[in-house]
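The structure is given below, and queries will be raised subsequently.
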Amino acid sequence: MTIRVTVFGENVHEQTNRVVAEIYPQGMHGCIAATLNANGMDASTVTLQQPDHGLTAEKLAATDVLIWWGHAAHGAVQDAVVDRVCDAVWGGMGMIFLHSAHFSKPFKRLMGSPCNLTWREAGERERLWVTSRNHPIASDLPEHFELEHEEMYGEPFGVPEPLETVFISWFQGGEVFRSGLTYKRGAGNVFYFRPGHETYPTYHDANVQRVICNAVRWAHNPAARIADPNDAPNTPVQQALEPIVEHGPRLHHDGDKGLR
Amino acid sequence: MTIRVTVFGENVHEQTNRVVAEIYPQGMHGCIAATLNANGMDASTVTLQQPDHGLTAEKLAATDVLIWWGHAAHGAVQDAVVDRVCDAVWGGMGMIFLHSAHFSKPFKRLMGSPCNLTWREAGERERLWVTSRNHPIASDLPEHFELEHEEMYGEPFGVPEPLETVFISWFQGGEVFRSGLTYKRGAGNVFYFRPGHETYPTYHDANVQRVICNAVRWAHNPAARIADPNDAPNTPVQQALEPIVEHGPRLHHDGDKGLR
Amino acid sequence: MTIRVTVFGENVHEQTNRVVAEIYPQGMHGCIAATLNANGMDASTVTLQQPDHGLTAEKLAATDVLIWWGHAAHGAVQDAVVDRVCDAVWGGMGMIFLHSAHFSKPFKRLMGSPCNLTWREAGERERLWVTSRNHPIASDLPEHFELEHEEMYGEPFGVPEPLETVFISWFQGGEVFRSGLTYKRGAGNVFYFRPGHETYPTYHDANVQRVICNAVRWAHNPAARIADPNDAPNTPVQQALEPIVEHGPRLHHDGDKGLR
Amino acid sequence: MTIRVTVFGENVHEQTNRVVAEIYPQGMHGCIAATLNANGMDASTVTLQQPDHGLTAEKLAATDVLIWWGHAAHGAVQDAVVDRVCDAVWGGMGMIFLHSAHFSKPFKRLMGSPCNLTWREAGERERLWVTSRNHPIASDLPEHFELEHEEMYGEPFGVPEPLETVFISWFQGGEVFRSGLTYKRGAGNVFYFRPGHETYPTYHDANVQRVICNAVRWAHNPAARIADPNDAPNTPVQQALEPIVEHGPRLHHDGDKGLR
C-alpha cells in the first residue's frame, strides 16, 4: 500500500527572498515531496495561498500523513482549517511538524502548551544524536550526523513530555534541543523534527531526507479513519452490558446527545 | 504558606434544577470551596455569570490552583478567558478539572485531543481503585472506595497518555474509566478527576473531598509564576555562550522578535 | 519477511493437571504457536524442561519475538538464561509476557518493579476495553470483548507507568486491571497482556488470538540486532568531534574499558 | 519534619588516589552529606567497606532518601543488599543515583535496561540546561549552568523513557546527554543526576549542591513505607466486592499464597 503524503508549504519566503528561492526553486514543500516520491511514497503539495490552503475535507480524507512547514505567516492559517486538520489527526492521520512549525496553529493546538524556545540565526553547526537506538524513525541512520549551517533552537522547549525522545541536538554556540519527539493525539501519530531553516539547504541533506521518510512510515496508521473522533455516545440503561436498575434523578432524556 | 484556590463553577444547573439546588444550596463550587477552607486552604469561588467569569488577570495572578466544574454551558466561556487561563497554567498555576469539565474549553485546549468518552446517567455504582500506590493524590485513601450513585463515563477516553494514572473506575453496568490522571503543561501541574455529576451528592463524600484536597497540594507549584510563558527570546551571536562566527544569509535583523 | 516467533511454555500444569491437559493437549505454548503459524508467522516452541529451557544463544538470535508463559515454576528458570533473554530484548528482540508471567524472572528484571497484584480464581467474567483507539495491537478488535470465565487480577499492578495503556479489564467481582501495556527496554519492544489462566480455554478465544498476533507484529523490530547492547565505548580525546584540549587529572589510560 | 538521608559512598578512589583524596578529604559521601546537613536535612553516610555496606534493614527503615555514588567496585556490592535496597524503594524510599552509579547494581535493577553510554575523561566543559521549567528539582537554578571540567557522558543513554527530563547536558567535545531524569518504581521516586566524576571538585559546586538538595526534597515520600511491597494478596470469592458465583475448576485452595 503506497502511503499518501501531503506536504503543506507556507510558500512565503520562497516567493519573497532570493536566497530561499535559489536553494528551493520548487519550494521547500516541492523539495520534500520530491524526496518522498523518490522513496516510494505518493506525495503532493499544498500551499497557504490556495483556497482552504489546499486542505479541503476531501484532500485530508485522501491523506495518510500530513507534513507541515510554516514560519512567516502562522497567523494567516484559517482556524476552520486548523480544526479540520486536528480532527483528521484525532481520527488517525499521521502528522509531522518541521522546524518553525513549532509555532504553527495546529502544533500548538495539538500540544496544548506554549511550544516556545530560544533561537539564534547564525549558520552554526548542529549535530543530531540518536537517543532511542533502533527506533524506526532512526532507521539506517548513523548514531549522529551534522548539519554544518543551521539556525539554533535551544531549551527549554515548551512542549509536553513526549512518548519518546528520538533525537537531541548539540549546537556549536553552546545550546541543546530535543529535536525529534513523538506524540499520540487521538488515534494519530505526531512527530516533531527540528531542522529546516529556509536559508540553508537542509532538506537537500541525505540524513534529513531519511528521517523524514522514516517518520512518514512511522506516522502512517493503516487502520480506517475514525468517522467522528469527537463523538461521545450515550449507552442507555436498557443496553448496559451488565444488568442495572436506574436510580434517581436525571438531567438527560433517552436519546439526548449530551451537553458540550 | 497557605494555598490560594479559586473554584470556577458554571452555576447553571444549581439555578435551574431543583434536585441540584437541594443537594448544593451554596452551589457545587461553594461546597468544594468550603471543603478546602475547612482543610487549611484559602479558597474562593467565581462563576460563569460574572464579568470575565470572575477570572481577571488579577484574580489568576492571586490563584495558586484553579478548579474547574462546568457542564451545560461550555460554549459560553469566552475564548479570551480561556487564553488567559492557559497562560496562567503554562506559567505555573496548578489546575484541576472535575467530571464534565472533560469537555470544557480549557481542558480541550490543554490536552490537544478530543477528550470524548461514553456515558450513561443511571445512578449506578462506581468504585475507584488506586493504581499508583502512595501517590500524593491518593494520600490517606483506602485502596478503593465507592460512590453508590454516579453517572457512568466509559473508555475510550480521548486524552493523551498521562504522566501517571492514579485512579481507575469500575462501573456496575460493565465499563471502566481512567478517573484520575496527571499532566504537566508548561510549568503547570494539571489533574483530571472524574466523579461529580450534579444530581448526586458526590462532593459531600469524604473520600472525594480528600482527593480534591490532596490534588490541590500536589498541583501547587511554589515557584514564582513565569512572567511570559510564551516568550521565545533571541540570543544574539555576540552573546553566544561559546564563541561562534556568523555564517551566511539571515532573515532576521539584530533585535528582531522572531516570527509567529 | 516472515516474523520468527518463539513461544516459551513452562509446561508444568499441562503435565500434572488433567483439566489443563484436556484444554491444551499440545500445551498452552503449542496452542499459541499454532495460532501464529495459522496467521502467517513462523512460530516454534521451547519449554522449561529443555536444556537451557531451549533458549540458547542461537535460538534467541533466530527469534524476532519471544512470548513467555509461566506460573508454577518461575524459580526454576536459570539466571543465566534470564540474562541472555534480557540482552536479546535490549538488542532489539520483541517480547510478550502473558498472564502469570507477570511474576516471571525476565518480566521482573525488565520492569525493575515488584510486578505484584491482587487475584482471585473464581472463573468470573472479564471484559477488556480498548483504551487506545486504532492502536496496532487493537487492530480489528471491537471496542470491548468478554471472557466469560477467567481468573481475576486486580489493581494496584506493581509496574512502571507504561508508554501506552492499550486495554483495561473490568471484572465481575468488582476489580479493574490494566491488562495491555507497552514498554521499551533498550531497543526492544515489550508488551504485557493479562488473560490466560491455564484452567480456562482463553487461548482458544478468537479475540485473544487476534491480540497476540497483533502484538507480535507490533513488537517486531526489523532493524539488525545490536551486537553488544551493554557496550559503553570510550571516545578518546584525539577523536572528539570538536577539538578539545585535555585537562587532567585522569583515572583511566587510553584504551581502558571503563569500570563496571 | 526533617528528611533523613543516607549517602552511600563506594569510598575506593578516595583511599587509593591522591587527587581524589585531596579534593574530598572526608570522602565524596562526606562532602555530599555535609551539604545536606547544612541545608536542614539529617544526612549520614555509609560505605562499601562496612558490614552490609552499612545498609541494614534498620538503616533503610530509618532512611527517607538514599543517595548512591559508586564507580570502581560495582561488582563488590552484595546482591542481598541490592534486593533490600530495591524493596525499600518499592515501599516508598526515595533514591538518587549520581554519575557513575549509572552502572551500579541497584540502578540497573530498577531501570531494567542496559544503562550504558559513551564516555571520555578529558576534563572538558559541561553545560547543563533546564528542560522542565519550574520543576522542583530545578528550583532556584538559572536556566543553564556550567562545570568547567567534567568527564563526558554521551547519548545514547540506555535507560527507559523517563517520567520527566529535567536537565540535558552540552559537552565541549560535541556530545549531549540527558543528565537529569525522574522515574517512579513501586511507591519510590527515583532521580538520576549525571555530574560528579571523582577527579574534579563537582560536589563543591553550588549549583550541583542545589540540585542534590532539591532532588532529596522531591524524592521524599512522606507516606508510611509499604510493609511488603511484593505482596500479591488473594481476595477470596466470599469476600468479593460484588456477589459472584464460583465457576470451577481451580488450581488453588482457599488460603493459598499463590505461585511465584
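Chains: A, B, C and D, in written order; residue numbering restarts at 1 for each.
As a convention for this text, contacts are C-beta pairs under 8 Å (C-beta built on N, C-alpha and C of every residue); 3 or more make two chains touch, one makes a residue touch a chain.
Per UniProt, the chains are A, B, C, D = ThuA-like domain-containing protein.
Bear in mind that the values here come from a model prediction, so they are computed numbers and not experimental data.
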Copies chain D and chain A - interface residue numbers shared by over half, same or different: same
Greatest separation from chain C - chain, by CA centre: B
Length of the line joining the C-alpha centres of chain A and chain C, rounded to whole Å: 31
Computed distance of Cα centres, chain D from chain A, in Å: 36
Centroid spacing, where centroids are CA-atom means, of chain C and chain D in whole angstrom: 26
Shared-contact residues (touching 2 or more other chains) in chain A: 127, 132-133, 154, 158, 161, 163-164, 172, 174-175, 184, 186, 241-242
Contact set on chain C toward chain D in their complex: 13, 17, 19, 71-72, 74-75, 86, 90, 100, 103, 109-114, 116-124, 149, 152, 154, 158, 160-161, 163, 172-175, 183-186, 198-199, 229-237, 240-242, 244, 246-252, 258-260
Of all residues in chain B, those that touch chain C in their complex: 127, 129-133, 143, 154-158, 161, 163-165, 168-171, 174-176, 178
List of chain B residues in touch with chain D within their complex: 92, 127, 132-134, 136, 139, 144, 163-164, 172, 184, 186-187, 221, 223, 226, 241-242
